[in-house]
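Which chain is which? They are A, B, C, D, E and F, in the order written, and residues in each are numbered from 1.
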Amino acid sequence: MGAERKSMIMTNEDKRVIAYHEAGHTLVGLKVPNADPVHKVTIIPRGMALGLTQQLPEGDRFNYTKEYMLGQIAILMGGRIAEEVFLNSITTGASNDIERATELGRSMVCEYGMSDLGPLTFGKKEEQIFLGREIAQHRDFSEDTAIKIDQEVKRIVSEQYARAKHIIEENREAMIRLSETLLERESLDAVQIRRIVSGLPIDDESTPSADEDRPQLKEPSAKPLKPILPPITGSNPATA
Amino acid sequence: MGAERKSMIMTNEDKRVIAYHEAGHTLVGLKVPNADPVHKVTIIPRGMALGLTQQLPEGDRFNYTKEYMLGQIAILMGGRIAEEVFLNSITTGASNDIERATELGRSMVCEYGMSDLGPLTFGKKEEQIFLGREIAQHRDFSEDTAIKIDQEVKRIVSEQYARAKHIIEENREAMIRLSETLLERESLDAVQIRRIVSGLPIDDESTPSADEDRPQLKEPSAKPLKPILPPITGSNPATA
Amino acid sequence: MGAERKSMIMTNEDKRVIAYHEAGHTLVGLKVPNADPVHKVTIIPRGMALGLTQQLPEGDRFNYTKEYMLGQIAILMGGRIAEEVFLNSITTGASNDIERATELGRSMVCEYGMSDLGPLTFGKKEEQIFLGREIAQHRDFSEDTAIKIDQEVKRIVSEQYARAKHIIEENREAMIRLSETLLERESLDAVQIRRIVSGLPIDDESTPSADEDRPQLKEPSAKPLKPILPPITGSNPATA
Amino acid sequence: MGAERKSMIMTNEDKRVIAYHEAGHTLVGLKVPNADPVHKVTIIPRGMALGLTQQLPEGDRFNYTKEYMLGQIAILMGGRIAEEVFLNSITTGASNDIERATELGRSMVCEYGMSDLGPLTFGKKEEQIFLGREIAQHRDFSEDTAIKIDQEVKRIVSEQYARAKHIIEENREAMIRLSETLLERESLDAVQIRRIVSGLPIDDESTPSADEDRPQLKEPSAKPLKPILPPITGSNPATA
Amino acid sequence: MGAERKSMIMTNEDKRVIAYHEAGHTLVGLKVPNADPVHKVTIIPRGMALGLTQQLPEGDRFNYTKEYMLGQIAILMGGRIAEEVFLNSITTGASNDIERATELGRSMVCEYGMSDLGPLTFGKKEEQIFLGREIAQHRDFSEDTAIKIDQEVKRIVSEQYARAKHIIEENREAMIRLSETLLERESLDAVQIRRIVSGLPIDDESTPSADEDRPQLKEPSAKPLKPILPPITGSNPATA
Amino acid sequence: MGAERKSMIMTNEDKRVIAYHEAGHTLVGLKVPNADPVHKVTIIPRGMALGLTQQLPEGDRFNYTKEYMLGQIAILMGGRIAEEVFLNSITTGASNDIERATELGRSMVCEYGMSDLGPLTFGKKEEQIFLGREIAQHRDFSEDTAIKIDQEVKRIVSEQYARAKHIIEENREAMIRLSETLLERESLDAVQIRRIVSGLPIDDESTPSADEDRPQLKEPSAKPLKPILPPITGSNPATA
């Protein structure tokens, strides 16, 4: 996850944007069924990331269901929506989220046969042979099919945007509690998140309050996966 | 086929998805006329594969008929359909199947003149000369023709999807028997498969039950071909 | 032509497909005016080829007429049509034939000004300079023209398909005689072919029957050209 | 910023174009809410730049709001509009401005989900691997989507053009004062700019007039960022 | 011009095609105003060429008029038309002619502003830098313009085809005299050509008949330019 | 400018074409407001150039106005128009002129925001990194926009063609005087050009007639810029 960045001076306004953004991911992550549980949320910058919501699967995952993938798109939308609903503004901070959501939507349509276009694949991956990384999708379909793919991807992402917006608007109080506590404490673990959202006092008095040592209740696996959610980054549109 | 993977911990739910998926391939493979006989089905992971249905031709094959190719597409569809019909969910595990079916459908239209577009070829293979592997289909036709190709490929795959779905729905009982036995035993050979599907006891008491040594009845060739069906793999959409 | 392949075990059904396929080429080759005479037909596999119909020009050819080219396309169609008419099935074995016919049709339209698009060329050959072989047709025309080219190529090939089908259906008896004798003897020379098609006994009793030494009547040139007709090959769609 | 270019002989007419151009950027920069404050404006050529308007953020910026980005586009438009409104002519000097504005508008639509096309990304950046710089946007969408993107980018830039034009026409007197003083003095700092625009005498008599030493009032950061506004350059269309 | 090819055995029919083809170029070349004078015509094969009509400009040429270029296209069409009109057949031998005519027509539209598309250029030549030869036309225009270019090129070539056909049909007697004499003598010089076309005896008795030594009347330049007309070649469609 | 080419033998007709062509550039250059003054016109071939009209700016130029650029296009059109109006023919000699005019028109639309498409840029320059020269315009816009760009470029060039034609037809007498004197003297300087066009005797008797030593009146800069107008060249369409 990289070392924490201490030297960066951030305005309160910037921090507030990040807190609401991450709280948006977190809350949608709690409410969407079958999603990997939210493990941690933080607004302490690390490396390129200004904030981070981390999900942790309950075991090795081998296959992903259509419902799981739709849920991930909804979670990715949660950050931008929180900015919009509570701060009445949208920022460049969601660019990784929407790129990721677009890619997930596109893979559902073009690789996994999970859309109205049916159980076919569209496009071929071209690998860069010497470097072993994919450079481009080779397009082997007609413009007509391209239009239908675009429409399906847009429909999928838009529906999850609406779903995430509904979740956030249904839970305004919890969202504000979560965002403001996150702004104050900077990091929250899975138990604290659940308590705040449920309206309970953040720290259960029967457990020790030491942040690092407290046993994590729901995470059975000691080896955390790479986080599904891209961290919110401080991309500079002026140099993009 | 690679060594068996023992270390992987899989949930029962994951195993169930894989068992029904493979049973879907197997049952359609039994019912489609002129297909290569199903030799074995397993849900023991090997290498990248989480499960495998293996067909074995009854001799060297030199040419493939249109009926054979349509049958292969139907068999490839069987896995996804089984998930849908019995588990009411679809997963990323079918991505190789649908990629393969799309390629078969496309080759019928563009290479083998087996569609309404007639006895012409469409597109030229560009080989990567130094590495000897094909990198792209060179498109030498109009957008108009591209649209017709897409429509034909979609029609072919969709018709085989419907055919496979019909087969599976006509054989619900056999499918459940086959899937649940596979979940229990993890591997089934050609004779066992046929007995289960026919509603007979799985092991004929007149033959020895040793799994490896039992003579294989219908497979005349000692040298198994590369399996036509791609194994079901655990692709991770989060890193795709 | 490569050495004969002896080791390959082929089913009777496969051999029958190949015999009718080659007989189709051969019969159309006999009936189309101005075509290079058929020199030999065989179903003994050599190299990649499972069967072969060989034409031999009556002298050096310098220019090819439009009629000659149309005739070649008809001959190429003969193999697929024979499978369809007599075996009620079509196979992947015709893929080289239809690729070749498509290329001939395209060259008539795009290089030789032999279509309704008039005396112009369309597209530029891009050579791969260091290897001296053409890699792609550079497209220097509009989508509109591309559509017209596709239509013309399709029209040309379809007309020759219909013409070859008519020839084969008009000569059903001769076709069956030719195919069945080929299945039996595996190779036939020009004289034998003509005798069978004419309904005469296959071997004229006044000539010696030694296959290799018998003087070839109509082939004046000792040096056979590369065969115009691509051999029928055993391409495997599963690995294509 | 490069050394000042002294040797270049410029006509008064050329200088006047540059002064009005830079004053246009500056005035719009003052009037647009939430923009980074204008730090300095100069028409002394440095390096390739014939003039320069420099903005300085009030702190590190991590995210950019949609409003900020729209404001930057309006500021970029200010130069061309000033030429048009006051000198009744347009020049090639705005080419960097309009390129920059187009890129900002396109990134809002394609990277940041800030348009009517919704929270999706369009296109993939292709990096030139060995040199680490982006060479092209890989287009992974349909022509239909391309048309919508073009329309949105055009709409965004046109709206900011209209907004900047309105600001400049509402402040004709201030614009003329600012441009003419800039023509005379060649460089103005943030305080002088504000005084001129407000109609006050340019130099507050209570502060020392030394240009370099005067304390800068509103710029808290000692380390100036790279200027957002591209300098106006003397591009030569004859050699372009 | 390469050495004469003596070893090639050509049928009379092939020679007849070539003689009429070359006579077609020659006659149109005589009748089109402002064309470079025809210097020689031959059906003796040299190098790749099976026949050759050679034009020789009356001096260095610096610019080419639109009329000159249209005339060249008509001359190029003359070969194919002669085959069609007199032999009732068209061959692949005209492929270089129609390629050349298409290129001339395209350059009139795209490089020289000599069509209804007006005084603009369309497309940019991409040179292959290291080898110094042009590999492709870079297309920098819309599909709409591409359609108009195709239409103009087709119109230009078709009009010259019609013009050349009219010339040949108006001069049937001369064409037959010219072709048959060429078939007999194999090579004709400028004076002989003019005498034959005019209906005069082929050899003026007042001049010596030695073919090589006879002074050439109208060719002032001793250094022949590269022939404008591509030689007729024996391209083999079967290996194209 | 290269050494004068003495060895080339040119017909009077060719010289006449060049003289009228250059006179066309020169006259339009004199009559278009705000253009760089014409410094010299010559029909003495140098290097690749058969003739040359040279403009010389009155000082360093930093920015170019829209009016200046339109004027340059008109001047470029002047050569072709003079051929058309006075010699009733058009030649390949204008190919550089129309290429240059098309590029200027395109840059006005795509780089400088000087058309109805508004203050946006279209397309990105792709540089060839290792050689530092631009190879292609990267197209990042839709086909729809491409059509609009083509229409604007055509409109711009066509309007300037009409404008230049009007200028030349309004000044027929001056054009003939200028062309014929140029044909006679081969080179004319700025003063001579102005005298001829005004109908005055070519050499003012109060000044010495030595061509090289005569003081040049209006050219303040000793260092001539690279000429804006491409020289007329003798491109050979037969080898293009």
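Everything that follows uses one rule, which is that a residue touches a chain if its C-beta (ideal position, glycine included) is under 8 Å from a C-beta of that chain, and two chains touch if they have at least 3 such contacts.
This is a predicted model, so every value here is computed, not measured.
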{"item": "Set of chains whose contacts include both chain F and chain D", "value": "none"}
{"item": "Most distant chain from chain D by Cα centroid", "value": "C"}
{"item": "Chain copies touching (chain C, chain E) - same or different residues, decided at half shared", "value": "different"}
{"item": "Where chain B and chain C are represented by their mean Cα positions, the distance between them in whole Å", "value": "35"}
{"item": "Geometric centre distance via CA averages, chain E-chain B, whole Å", "value": "60"}
{"item": "Computed distance of Cα centres, chain E from chain A, in Å", "value": "69"}
{"item": "In chain E, residues with contacts to at least two other chains", "value": "143"}
{"item": "Contact graph of the chains (line, ring, star, complete, other)", "value": "ring"}
{"item": "Chains listed in ring sequence, where chain E comes first and chain F follows it", "value": "E, F, D, A, B, C"}
{"item": "Touch list for chain F against partner chain E, complex", "value": "8-11, 14, 17-18, 50, 77, 80, 89-95, 98-99, 101-102, 105-106, 128, 131, 135-137, 139, 143, 146-147, 149-150, 153-154, 157-158, 161, 234-240"}
{"item": "Contact set on chain D toward chain A in their complex", "value": "59-67, 69, 72, 103-104, 107, 111-114, 118-122, 124, 126, 129, 138, 140-145, 226, 228"}
